[in-house]
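Just so it is clear, A, B, C and D label the chains in written order, and each chain counts residues from 1 on its own.
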Amino acid sequence: MNAPIKFYQTGTFTVGNRLLSAEQRSVQASLERNNSLNSGHRACQGCGEALGARYAVDAAMRATQGQLIAANATGCLEVFSTPYPETSWQLPWIHSLFGNAAAVGTGIAAAIKVKGRNNLRVIAQGGDGGTTDIGFGCLSGMFERNDDVLYICYDNEAYMNTGVQRSSATPPAARTATTMAVGTEPGAVFGQGKNVPLIAMAHEIPYVATATVADLHDLEAKVERAMGIHGARYLHILVPCPLGWGAASNDTIRLARLARETGLFPVFEAERGEVTAVTKIRRRVPVEEYLRPQKRFAHLFGPQGQSHMLERIQAQADRNIKRFGLLDTESAQ
Amino acid sequence: MLKQIEGSRAVAEAVALCRPEVICAYPISPQTHIVEGLGELVKSGALTPCEFINVESEFAAMSVAIGASAAGARSYTATASQGLLFMAEAIYNASGLGLPIVMTVANRAIGAPINIWNDHSDSMSQRDCGWIQLFAENNQEALDLHIQAFKLGEELSMPVMVCMDGFILTHAYERIDMPTQQQVDAFLPPYEPRQVLDPADPVSIGAMVGPEAFMEVRYLAHAKQTLALERIPQIAGEFAQAFGRESGGLVRAYRCDDAETIVVALGSVIGTLKDTVDELRNDGLKIGVLSIRSFRPFPLTAVRDLLQGAKRVVVLEKSFSVGLGGVVSSNVRVALSGLQLHGYTVIAGLGGRAITKASLAATLREAVADKLQPLTFMDLDWRIVNRQLEREAATRRSGPIAENLLRDVGAVASKVH
Amino acid sequence: MLQVRFHGRGGQGVVTAAEMLSIAAFTQGRHAMAFPSFGSERTGAPVVAFCRIDDHEIRSREPILAPDVLIIQDPTLLHQVDVFQGLHTDGYVLINSTRSFDELGIGDIISRFRHERLTNVAATEIAMKHLGRPVANAVLLGGFAALSGLITLDAVSHAIRDKFSGKVAEGNVAAAAEAYDFVKQELLELAHAQTD
Amino acid sequence: MTMQKPFAITLDPGSSLANKTGTWRTERPVYVDRLPPCNAQCPAGEDIQGWLFHAESGDYEAAWRHLIRDNPFPAIMGRVCYHTCEGACNRGKIDAAVGINSVERFLGDEALRRCWQFATPAAESGRHVLVVGAGPSGMSAAYHLRRMGHSVTVKEAGPLMGGMMRFGIPKYRLPRNVLDAEMQRIVAMGVKVELNTKVANLTDAMRDGGFDATFLAVGAHIAKRAFIPAVDSSRILDAVSVLRSMEGEDQPMLGRRVVVYGGGNTAIDMARTAKRLGVTEAIIVYRRTRERMPAHDFEVEEALQEGVMVKWLSTIRQAGEGALTIEKMVLDAKGNPQPTGEFESLEADSLVLALGQDVDLSLLEGVPGLEIKDGVVQVDPATMMTGHAGLFAGGDMVPAERNVTVAVGHGKKAARHIDAWLRGTQPQAEPKKHAPATFELLNPWYYSDAPKTVQPQLEIARRTSSFDEVQGGLTEDNALFEARRCLSCGNCFECDNCYGVCPDNAVIKLGSGKRFAFNYDYCKGCGVCASECPCGAIEMVPEAV
C-alpha cells in the first residue's frame, strides 16, 4: 500500500501500530527502546512523572543515538530513581541541587563544547517546584544565554516529594498541604498564575513546547524536534500525580487527557517566541469531568460545592481555548 | 617573568596558564578584576579552548562549574562575601560530589551592614563545607597557590578555595614573577577526572544516601582532607623545585625558633606582622609569626609542633564568631589541647579596618606583658560602642545598631583609615 | 622606603597615578607596592591612593599614614580633607595648581616644611594642551620625577606606555615631559632665589 | 576507562533492577480474550474479528482462508446474509457499525477473481456420507465433511446446485455466476454431486449407496396455499414456482398488474422480480403494518424505491375476473389483525401467493425413530441428529429461522457431529465461549473517527429494467478502510499501549504476533495498562491473600 492509509482498529492514537514499519513506530513501541528510567524505581503506583520521564528521555536517546547526558533537579524523580545503592538511570546522569538543574546543564554543555564532543547532547529536568520556583533563576539564565540544553519540566502541580505543598504551578482551588480546602475560598487562590512556557517564549529561545503523558506521539515528536535544534529549548510536560491529586492510580493518563480536552492545559509549540502549532481539542469536555475524579478538588462538589469556583475554572479553560485556538472551527461549539 | 601588575591580573594570568576549560563569572567586589581579566584572555583567544560563561548569580556560577567539572572539564570561578554565601548550597554540593573545582575567594566582610571591604568572615563561614581552603600572604603566593590548587584538587578529586584578601591583595600593584606556560604545563598534568558523565560508561552521580551510608561518606571526605595534609607540603615542595620559590604549604614560621610569643595569623596581614615583629625583635622581644597557609585541612600537628615551644600564643584574625570570639583561635586551641600556654585572641581588621603596625606593636607588647584581654578587639572605638551600649541599657528598642554607629562616626569615607 | 600618598577625586585617575608610579619604580629595578584606599567612591568623591617604593620586598600593607610624598591632584581638597596628615617635615609636596600656596590659603601649613621640596604645577592645563582632557595624573608624575629625582622621567614615560597606548600614551608622555621641565625650571629659579 | 567512583554518591546504571517492586502489588493485570459481539451473533459461527484482522493488513487470502474455516460461501454470504453481526457491532455506538458484510463480499469476490481453491483433505477417512439437497445447508455440510476427509455424495432433485439460493433469491441479489462458482469450488474438492436425482425413499438410498451417515437438507419448496374463493378465470400463482421458473427458459405470464399476497422476503422478491419482468404495477397486499412485516426493512425500502406498492392492513377475500376483493384490517391490542368488514376492489391480472413454504417430507416414509412436528423434522439442536441414529438434518426442514446463514451454520454443526459419530467419539468440545466484550470494556479514545463506507447501488432505472445486481461491491481501498474500522473488541491486537504506558516497564513485548506478558517482578498493579487498553483485553484481578 503506497497510498498513506489511516489506521483505525490498529489505532492512530495507540502507542504502537502493527501495520507500520519498526522505524515508523513510536519509540515506546519499540523492542529496542532504551528504558532510560529502568524498572525497580520507587515511584508510586501509576506515577505520571516516571512515565513522562521515560517517554521523554527515551525519545531523546533515540534522537541522539544514545549520546545524551542528563542533569536532574532534586524532587520525586530524583529521589525515587536514585536511592543508594540503586539507580534506575541507564544514561549518564547527575543530580546536584533542587534549584540548579538548568545551570548544571549549562556546565555540561560547556564542557562538551570545549572538549569538541559535539555529538553529545544535554537535557536538564526537574519537577514544577525545581523549575517554576526555586530553579527559576538558573532556568531563565540558561534561556537568556541560549545555552545548548533541553530543559524538561515534569509538572505535577505541587511539591509532591515533600508531601504535596503548593508550588507556583498549583492550579487555583486545588487543595494542597499548604492550601487547605477551608475558608471562604478553599484551596489554592486564584492568583495571576505563572505560565513558565510563556515566560520561556518571552526569552525568544529557539523552541518551547507543552505536552502531556496522554499523547505519546505528540510528546515524542516534540522531543525529537527539540533535539534537532541547538540552543536553549523548553518542554513542559503535564504528569498527573495519583498521590497529590487524590486520583486513582489507573487514571493517570485519562486525567492528563482530560486536562487537555478541557482546555485547562493547552498543548502547543512555539519557536523564537511565536506559537507555531497547537494541538486541537478532539472531544471537548467541561472542566467538571476533569476535576471530579481528583480529591484535591473534592470541595468544589457535593452539597457545599463551590459552583462559583467551578465557573472561574471553566472560564480559564475557555480563555485558553480562545487564546490558543484549541478548537477546530467546525468542532467549535 | 617579573611584572609589576595588579594582584587580580596576576591571578587571572596564572589561572589562564592552568588552562581552565570552563570559567563561570558573576561579578562581586573585590573579585571583579580577576574575572574581567580572564574574560579578556578568553575573548582575545589568548586562553583557548575555554568557555567563559557570564552567569546570573553565584549560585549559578558554582552550579555551572559543577556540571562542567562532572562532565570532565577543568572548571574555575571566583567570588567573595555575599556571593560565597549565595552559592553556599552549591559549595557543599561540589565537595560532596568530589568535583575538583578551583575558586578564588577575594575575602570580604559579610553584611548587614553591607560592607565591601576586606576581612575573612566569608571564607570562615564556609570552613566546614568540605573544600580545601588555602590563604595567600601576597600576590606572588596568590598566583602560585592557584597553580598548586588545580594539581591538588584534581589529584584528590576535591574542590579548592584560594583565599586572598580583597582590595589589599586583589587591587595591589606589586612585583610578581609570572611563570611560563611551559613551566605550568610541566607541573600541572591535564585533568583526569575520577568520575565523568559519559555515555561510554553511564553512571548516576549524586544519589540520595540514607542513614545506612551517610556517615561513611562524611568520614571518607575527612579522610581525604587528612590525605591532603600530606600532599599539600609535598606539592609545595614540587612547586619550589619547578619554580624556584617557596609558596603554599601548610604553615610558615617567621622568627619562631626561640620565640616566647608567637602570633598566629593568615592572609596578607602576615606581611605587616613580619615588619612589626622585626621592630619588636629589635627591642629584644622574643616574638615570631606563624602563618597558616592551609586552613582546611587544618594542620593540627604542624601548628602544635611550632607553638608548643612558646610561652604564649596570640591569634590575630580577621574573622569573628559572634557570641564566641575567634574562629581561627578556636581551631588553634584544638591543636594546643593539653598545652598550658597563655592564649590571646585578637580580632582585627573587620570590614576593612586598617591594621597598622603601630596598633599591632602596641597590642603585642601588651600580650608579651600578659596584660592583653583574652579576647581583644584591636582599634575598637570604645567611645562609640559604649555610647550605644548605654543607649541600649536605657531603652529596649534603640534602632538598628549600624544606623546609630554611623550617626556617631559621621561620614565614613572622609577617614583615611 | 619611600611612601607616596596621592589625593584626588574619583575619576581623576588617582589610583592609576599610584600604579604608574609603582611601575616606574619597578622599571628602575626597585620594589614597589601601589594600592588604593579601597572604597566604593564614585566620581567626584575624595580618593586616596598609595605607593611604597623600596630596595627590598615590601611587606607592610597598612595605609600610608606618614607619607614622604604628597601628590595632590585636586587643590579643592585642600580644605576638605586633612591631606597633610602625617607628612614628614622633610617630605615632598606637589600640588596640581597654577596658584601659589598663599593663594591656595595653605601658606602657613606649608611653612612647616622644606620649601625647596614644595611646588605646584599646572598639570591640568598641560594635560588639556596635550590630551584635550583634564587628566593630570601622569603629568604630575613627570613633575614628581623633577621635584624629587627619586624616579627618572624615562621610567615615568615607560610606566605611562605600560598603562596606556597610542595617542593617549604619547600625549601623556609629552605632558609628563613638559611638567618635568616646568618643575625643573621652577626649582632652578627657586635655587637662584636662594643664592641671591 | 574505569572510574574510581566515589562511595555511595556515584552508582552504576540500571542497578535498581535489584529492587523488585512487584511486591507492592495488591491487584494484578491479566491478559484476557473476550467474545466480540459480531462473532457471538453470527449464525454461521464465523470468526468475523479473526478474518477482519488479516484483512486489515491487506492479506486478503489469509483473511479468506480464515473465513472459510467456518463458511465456504463468502461471496454468497456477502450478498444475501442479513448480517445481524453489524447490528451487534460495538462500533455502532461510536459512529457506525463495521461493514462486515461488505468486506466479506469483497473477500469472496477476490477469491473468485483470483481463483483461490479449497484445500483437499490430507487423508481419506474411508467413510461415505450422503447429503440430500444441494442447498446452502447441504453444500455447507458436504464441504466440511470433505475437509474432514470423508467422501461425500450429494443428491439433488433439481437441475442445478444452490437450492433456495437459486430458486428463492433473485439474480439481482445473487448473480448466478457467483453462486455457481462457489458451488463448483466445493465440487472441486472431490464432493460428488448428482443433479436431477430425487431421493424418493431414504432408507433405500442409504442402503443402496452403502452410506455410513446421512445429512438431510431438502429445504422447503412447497408453497403454502390459502383458501381464496375464486372464479376459474382468475389467475393465481405461487411465488416459489414463479421465482423457480425464472431460472428456466420461458418466463411466467403475469399480465400488467400483479398483486403479491404476503409479507415475507419472498413476497418482496416476487414483487421486485415482477417489476423487472416489466409489469406496470406490482402491489403487495399484507395483513399487518410495515413495522410488523417479517421481510427485512432494507429490502422493503429497496422495493419501494423500485416502485413496488404495498397495501397495508389488507387481506384478500375473493379473487374475481381481473379484480380482487380486499378487506381492511385493524390491529387489536395484541397486534393481531382483525377484520373491519370494510371492503374494496383491487384490479389485478394475476395474484401471486407468497405465504411461506412447506417441506416435502415424502422421502422419509418408513424411516424409524423420526419425529415430525409442525411439518418439520425434529433434531437435537446440539448435534442436528434426528431420532434416527446416523441421520442428521438441517436447513429449512428443521425448526429454525429460515435463511441462508442459519442453513450454512446447520451444515457446519451437523458435519462436526457426523464426523464424531462416524469416528464414534465426542466432537472435540467447542472452546468454551469467552465472556462478552461489551462496549463498556473498551477505551474508544484510541480509535480515530471513521464513518462507514457506503456501498455503491445501481440506479433505479436499471434496477427496474434489468436483473443486474443492485448492491455493488467495495474497492480494495474501501474494503481495507472498512476492515480497519474493526475495534477488535475484547482481543489484543498488539497496539503496544500496555507496553508503552506502564510506568514501571513491567510489560514484556513478545514480538509480532506473540502479544505481551506482564513482568510481575516489577508490576506495581497501578492498572494504567488495563484502563488504557483500547479493546478491553486486560483485566485487573485482586492478588490472592
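Throughout what follows, contacts are C-beta pairs under 8 Å (C-beta built on N, C-alpha and C of every residue); 3 or more make two chains touch, one makes a residue touch a chain.
Since the structure is predicted, the reported quantities are computational estimates derived from the model, not experimental observations.
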Inset, instruction - Any chance you could name the chains that touch subunit B and subunit C both? - result: none
Inset, instruction - By CA centroids, point me to the most central chain in this structure. - result: A
Legend entry - Pair with more cross-chain C-beta pairs in contact, given B-D and A-D: A-D
Inset, instruction - Could you please state the distance in Å, as a whole number, between where the Cα atoms of subunit C are centred and where those of subunit D are centred? - result: 115
Inset, instruction - Starting from the mean Cα coordinates of subunit B and subunit D, work out the distance between those two points in Å. - result: 93
Inset, instruction - Compute the distance, rounded to whole Å, between the mean C-alpha positions of subunit A and subunit D. - result: 50
Inset, instruction - Take the average of all CA coordinates in subunit A, do the same for subunit C, and state the distance between these two points in whole angstrom. - result: 66
Inset, instruction - Give me the residues of subunit C that touch two or more other chains. - result: none
Legend entry - Residues of subunit D whose C-beta touches two or more other chains: 8, 11-13
Legend entry - Multi-partner residues of subunit A (at least 2 other chains): 81-82, 84-85, 87, 89-91
Legend entry - Pairwise chain contacts, counting only pairs that touch as defined: A-B, A-D, B-C, B-D
Inset, instruction - Could you please specify the touching residues of subunit A with respect to subunit D in the complex? - result: 1, 3, 5-19, 25-26, 28-29, 31, 35, 37-43, 45-48, 50-51, 54, 81-82, 84-91, 216, 242, 248-254, 257, 283
Legend entry - Interfacial residue positions of subunit A with respect to subunit B in the complex: 66-69, 71-72, 78-79, 81-85, 87, 89-97, 99-100, 103-116, 120, 137-138, 140-141, 144-145
Inset, instruction - Note which residues of subunit B are touching subunit C in the complex, please. - result: 2, 4, 6, 29-30, 116-118, 138, 166-168, 171-175, 268-272, 274-275, 352, 354-358, 413-414, 416-417
Legend entry - Contacting residues of subunit B [partner subunit D, same complex]: 96-98, 157, 193-196, 198, 200-207, 209, 213-214, 216-217, 220
Legend entry - Interfacial residue positions of subunit D with respect to subunit B in the complex: 1-13
